[in-house]
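Here come two complexes built around subunit A, the first alongside subunit B, the second alongside subunit C.
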Partner chain A sequence: MSRARYKGAVAGSGTFSGAGFAVKLVLIALVDALGVFGVLAAWRAGSWGILAATVALLAAANWVYFTKRSLPLKYILPGLAFLLVYQVYVVGYTGYVAFTNYGDGHNSTKEQAVDALLVQNERRVEGSPALPLTVVESGDGELGFAVVEDGAAEVGTAEEPLEAAPDATLDGGAVTQVPGWTVLDRATVLQRQDEVTTLRVPVSDDAADGSVRTQDARTGYVFQPVLEYDEAADTMTDTATGVVYTPNDEGQFESADGEVLPVGWRVTVGFENFATAFGDDRYAGPFVKILLWTVAFAVLSVVTTFALGMFLAMVFNDPRLRGRKVYRTLMILPYAMPGFLAALLWSGMLNKSFGVINQVLLGGAAIPWLTDPWLAKLSVLGVNLWLGFPYMFLICTGALQSLPGDVYEAARIDGAGKWRTWRSITMPLLLVATAPLLISSFAFNFNNFTLIKMLTGGGPRFDDASVPLGHTDILISMVYNVSGLDGSAPRDYGLASALSIVIFVIVGVISAIAFRQTRKLEELS
Partner chain B sequence: MRRSILLASALATTLALTACGSGEPSGGSTADADASAKPSASGSLTVWVDETREAAVQAAAEAYEAESGVDVEIVQKNFEDIRADFLAQVPTGEGPDVTVGAHDWLGEFTANGVVAPIELGDKAGDFIPVSVEAFTQDGQVYGLPYAIENIALIRNTELAPEAPQTYDDMIAAGKKAGTKFPFLIQSDGDKGDPYTYYPFQTSFGAPVFEQNDDGSYRPELALGGENGEAFATWLGEQGEAGNLSTDISYDIAVEAFAKGQSPFVIGGPWMLEKFQDLDLAVDPIPAPGDQPAQPFVGVQGFYVSAQSKNALLANDFLVNYLSTTEAQTALFEAGGRPPALVEAADKASQDPLVAGFREVGATAVPMPSIPEMGSVWSFWGVTEASIISGKADDPVKAWDKMVSDIEGAIG
Partner chain C sequence: MTTATERATGPATGRPGEQVLRHRMTPRRWARELGWRHVVGVLAVLYAVFPIVYVVSASLSPTGTLTGSNELFAQVSGVNYAALGDTRFWTWMGNTLVIGVATAVGTVLMGAAAAYAFSRFRFAGRRLGLTALLIIQMFPQMLAFVAIFLLLISLGEVVPALGLNSKLALICVYLGGALGVNTFLMYGFFNTVPRELDEAAKIDGATHAQVYWTIILRLVTPILAVVALLSFISTFGEFIIARVVLQSESNWTLAVGLYGWVSSLLEANWGLFAAGAVLSAIPVLALFLFLQKYIVGGLTAGSVKG
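Showing the complex of A and B:
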């Protein structure tokens, strides 16, 4: 294309006139509308990172589609934006979590952990009565409580301990009027509920007597804090024993003799998660077995599904076969079913005593399809073959139909037999077209969590291991288990992220090597 | 050229803003207008429920809305998702004010600081004691209980007119009835079902954890030792005799009982709707050991978020509106779970089946809510299953290995 023509084409599409520009303007307006909405929502939620990212993406979109200098970007930008949001961000966040101790007991920020510890350790004074309570306000706007104890009214605020108010009016056991105070109605109480729930009215001048607080603005109870937080020194003190807890590197309050308070917060812990991942002896044995099985499972799955898919594709590609379209449609059916549902159905059908396979097809045989280590592996591969061959069938059919007819003709003229033609022409050409898909299929099966979880749940268990892992567990289901996401251990998102990064590296390396190998294939064509 | 980009961008953004203009800013101002006109509408309460309780909570919420003028927003979620979502969302401030939940989530919730204690005051005495006990940790109550669930022996009175006194009686009666199975108990394949098998285990005096005087558990395993080994031996014998089988899943057990293939099934009130054509009785679970067979009790209730901006509303709603007999009865009618409030439970006990479950529940023990329990389940069930199926040749050895594995996992 000559430079002049190229310029002319761009100018034609880029001028401010014409229907094309109007359409573009409307589309960008829609994008901007969505962006501005996102910015406002992020502003309100205080998510500054999201706000900055949205503004940046929005600015980029406007620049790219209104400038004349970025033709390629016009095509790439949407994909790039989604890549950033759904891939790069997620990978980055996983990487970040891998270096923190996010998990059970370290679920949140320090501020919230302090709040939770204080609220959990404020105890009702034993034997103290339930006090009918009314929220009142003094002339200068200070909130107070008016309570009834043994039929007598008392009023107090955070500063002034409860004092008898003999001239208060009582109705139905609660104070309805106190001279010098305004009784707040329900609506006002609800509006100021934060102040009401945080208000502590001391019972007497002695702090050890405790203070009245309320949770529903109807009844008050005398409470006594067990823990006190000193903001300046950043320490927790147990009021009963006097033990002082200071924050440690693990994100917990720790006393001098090593005792920790239960609620912690999230902190970065460096490479500790990676050390844990490889440091636990109990996992060392099972890990090797599971790694081998994972690789075997992924490779065998790809090989078996590809072999069956290709065989069927070649059979149904033969013009002599009648009703090919009907068969082809039937072949694709397993592919149309959701994988997790199919796996669940299969696990029912393979039940040793009541499954269809044993009961109906095998006349009541008691074959332990899912409970014998080797048969379970075979069942997993078999079900995955059933689930996966239609995909291979589809891509092979497509690839076969696009093979050039002239090479076959040449082969026939050269006197090549059927086997020779298949080995030297069909197979290599097919592999050129499908190799990248086979590699991605390998990566998919390497992490085929749904199938394992739904079909065998990783079982049958290793008899000789001390961890709840089994013969059909693959790495990703092991991660799910080890990091407690299945509930069998305290949840540890940090460890889970660290382990998934390890898996990512393994899959990445294998895929990179495989891609390098396929480049040799491409030289054929 | 630069200017044209700016111009076009400005044009597009203006268009966009005009488009939003009708929605966003005016939406904000209407809210302001509402707030100034009606001061009572301050804040709204968000409650998470699952579909079986939505209608009942909605009814209580309407009563509350009428009194306080507050909006109560009921969000329906899958029960299985609530636990993890609550843990993840409360710290971000996106969580609800109140959520429905099971008592055995408590340990995890307090360790992560996502729930706030509630003060039931004198109302605590109106509830069946085990239900408040279950929501108590370290002397603080963290949830408003509303339902108690436990398993019992469901008997088909046509096939077995008498309630069996011991386990052997039951097997004999089951064999005499001439049905396909002498009795039915579910198991999740080779993962086992320690929850349903627990009453048998307690009858041998091997509870899972040591219990404190106030009913709470401490993380010291109690299922090992001589008693645990006796239970393991019994499991092995019964598996060999064919009375226990790991292949009977929940669905298979329910279907077989509904078809009259067995006079007995061990299960909970959630099974009953499948047995509507049968004449039933609910009896205590017969003990194979020499101590009473105590099943686990699960208590359902409502938690208040530690980060709730409407703590006062949330507590008021729970303590004063969901603890009434009407609300608890409505929840019972909606979900079929026997109420935790004594008065509502009495009302529900007019149904002899509900009364039967309640009677068994009165002697039951709460399911441990300490976080260590999570590590127990996965070893426990698999070991029981492998003993029953005969995969583990030596039940005692398998049981002892399980105990040491759990100790390793708890750390």
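Showing the complex of A and C:
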């Protein structure tokens, strides 16, 4: 909107219906189009939750932008929508997952688990006929089988169950051509042998009907599940051994003598995950150590960076000093350096055998900076000091320069010395001015995942633990390791979310107390 | 955030007599009052700058290993920089810039709009909204990365572009954190713009949208720059969510990619990493030094307003 337009509009009718309204209309139309697309896609995928959320957001957007009664919401809604989906919902969902056993072995709903069990435990049906089989490929490169059953051709892929293909060409009892599919020649089949032998094409939508598989790419056999699911009784029966499995509280099928089937589903398990974190031998010990270290790390990081930053700010807060600008610019370089680069850089510099610190600055010493439990902690703090002191230097400089001069004059008249002035005036005033930032700095360092992950990777590892945790791990990196998202451990979303909730609570409580204290400090001064 | 830097009435210099003595200072007095400050300054600068000098030197060292980088500037060559061309470095750089810029722009647009509403309109739920934002601010989004991962799996089944391994999805996740982090900073700044300005415009017949786009936004440009910059920098260095969401190598950001180099083969990749680090630090460093004044102001504005 140009200034001229604004003047014109103001001088004119005072309505704002021209270009602005057109822009609004186009934007809303765009949002609606995308939204409708989303609704249709959700319908197709059968994701009712997403469908409901999309419809609600769409309705809200249209109401807000076409009524006159929701002025503030016009400005808040875009950000609010993202906030609700990607922060509020996600935090709430974390709370839900924390009370489930979601993770490896319990990945899906019961229905999906039953299907997976049926599919995974299939065996060739005794005496079933050999079906002449041809390996085919669909337009988008997906492998499939074309089989002939009772003289009629059928085609299907891993995703699409077998379907009759009446227009296929048969030759010598086998399919040689199907419209819409490419028949693979022998050489290609040999090349993709692994894919072909592992491919299972379901006979129908019902997993209980089994599937067609092949070993030689010429003949296929119908495989049927060994297990049988009885929906009415809600039990699994092994048709070979006759063992009956019933669902237990853990979300698994269990036989009378305690044997469980490998695929389970997620169920709510109450406070079990929290009990594991605090009570299980494998986790409780490391958890307490990590919790203490996390608090110590966050507190010491704030204290050391603030101390050095304040000291430097006071040293350079003298206008007679020449070259202050140069000093300042060079000193804040570490703050401008992206944190992950700095941590990676220091991890190389502190390397025990080849790093520049040991090799050059310490003349060839072999100090295990990152591999000894205590030295690694010291290194983490040292690197964080390097990263963080410029920030504290900047905010302390700003705060020092806005301190009122008259209190100092009063102090001098009262005969206060330098030390006394600093202790009774400068320090308290600085703390009041910077307290909120110190709190956010604490909260930030409490979750400073990047630094830990990049510098030490959490190591050195605890020697007594069977879990992938180490001496410099903080809570958030513990959550990451436990979740198993990087593939180093079995996935356990439930426990990881429970730990996240613990962090939420700790950070929330500390921030709340700290903010209350700050407010008191402010009232006092 | 306005006059903090111009006011030079610091605690050590409040005394009027000192300015006069400045030119006639004995060497001993100079050493006692100013000399030691230079000593401290040089030490602090050495501490701050040494790793940066080292990484520049390592990036120019042709051996490319950790050991070979220990003699500063022993040999100078551009082989490491040239070798970056054979890697995915530039793809990652492109991804990072796209994600960073998109997030910064989105954050500024949505944050400023929300701050305007909170600052200028009085409506039911305003206090509640502000309090809610303050509380939400305490719960960093990245703590919920497991739930984000699970949410994106479900979204990806409906719309693949919003699912795992999509840059658009990552931007959306980052935008979800936009309001919580920045609205307060902006809200405080918006409040410093006198309301009389927009009231005058309203009397002249301007609508709320005109007031917003043509008056307010122009007066708060400094805070917009600060928020854009802070958002860009934090996106630039964000690791955990990017690591969880972006799965194929061609979609990685610099943080994920460079971590991969160093964690897998620290010794051999060192020269490559150093060159990559220098190149990726340059845009942030340049922006930072260029906008230094604004950032310092923005930081202290936050501190005063709380």
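Throughout what follows, the second predicted complex is superposed on the first by the 291 of 525 C-alpha atoms of A that agree within 3 Å, B and C clash if a C-alpha of one lies under 4 Å from a C-alpha of the other, contacts with A are read in each partner's own complex, and residues count from 1 in each chain.
FYI, a contact is a pair of C-beta atoms (placed from the backbone, for glycine too) under 8 Å apart; a residue touches a chain by one contact, two chains touch by 3 or more.
Because the structure is a prediction, the values reported are computed rather than measured.
Chemist: Which chain, subunit B or subunit C, is in touch with more residues of subunit A?
Modeler: C
Chemist: Identify the partner contact of A:336: answer first if only subunit B is touched, second if only subunit C is, both if each is, neither if none is.
Modeler: After superposing on A, A:336 lies in contact with subunit C but is clear of subunit B.
Chemist: Just subunit B (first), just subunit C (second), both, or neither: which does A:403 touch?
Modeler: Second partner only.
Chemist: Of the partners subunit B and subunit C, which touch A:351 in the superposed model: first, second, both, neither?
Modeler: Both partners, subunit B and subunit C.
Chemist: Just checking: does A:395 make contact with subunit B only, subunit C only, both, or neither of them? Give me first, second, both or neither.
Modeler: Second partner only, subunit C.
Chemist: Between subunit B (first) and subunit C (second), which, if any, makes contact with A:317: first, second, both or neither?
Modeler: Touch partner of A:317: subunit C, not subunit B.
Chemist: For A:457, is the partner it touches subunit B (first), subunit C (second), both, or none of the two (neither)?
Modeler: So A:457 meets both subunit B and subunit C here.
Chemist: Using the superposition on chain A described above, determine whether A:130 touches subunit B (first), subunit C (second), both, or neither.
Modeler: In the superposed model, A:130 contacts subunit B only, not subunit C.
Chemist: Where on subunit A do the contacts from subunit B and from subunit C line up?
Modeler: 16, 37, 351, 354, 457, 486
Chemist: Provide the residue numbers of subunit A that touch subunit C in the complex, in ascending order.
Modeler: Checking each residue of subunit A against subunit C gives 1, 3, 6, 9-11, 14-16, 20, 37-38, 41-42, 45, 47, 49-50, 71-76, 78-80, 82-83, 85-91, 93-94, 97, 102, 312, 314-321, 323, 327, 329-342, 344-349, 351, 354-356, 359-360, 386, 390-391, 394-395, 397-403, 405, 408-409, 412, 421, 425-426, 433-434, 436-437, 443, 447, 449-450, 453-454, 457, 476, 479-480, 483, 485-486, 493, 496-497, 500, 503-504, 507-508, 511-512, 518, 522.
Chemist: Looking at the complex, which residues from subunit B come into contact with subunit A?
Modeler: Contacts found on subunit B: 1, 4-5, 8-9, 11-13, 15-17, 19-20, 24, 39-40, 42-43, 68-70, 87, 90-91, 108, 110-114, 116-119, 121-122, 138-140, 189-191, 245, 247, 249, 252, 306-307, 309-313, 315-316, 319-320, 371, 374-375, 377-379, 382, 386, 389, 391-392, 401, 404-405, 408-409.
Chemist: Tell me, which parts of subunit A touch subunit B in their complex?
Modeler: So the residues of subunit A in touch with subunit B come to 16, 25-26, 28-30, 32-33, 35-37, 40, 62-63, 66-68, 104-105, 107-109, 112-113, 115-117, 119-120, 122-124, 130, 186-191, 193-194, 196-197, 215-219, 221, 262-263, 282, 351-354, 370-371, 457, 459-461, 463, 466-468, 484, 486-491.
Chemist: Quick check: in the complex, which residue numbers of subunit C touch subunit A?
Modeler: Touch residues, subunit C against subunit A: 4-5, 7-15, 18, 22, 33-34, 37-38, 40-41, 44-45, 47-49, 51-52, 54-55, 65-67, 69-71, 109-111, 113-114, 116-118, 121, 123, 126, 129, 135-136, 138-151, 154-155, 157-159, 172-173, 175-180, 183, 201, 204-210, 212-214, 233, 236-240, 243-244, 255, 258-259, 262-263, 266-267, 270, 273-274, 277, 280-281, 284-285, 288-289, 292, 295-297, 299-300, 302-304, 306.
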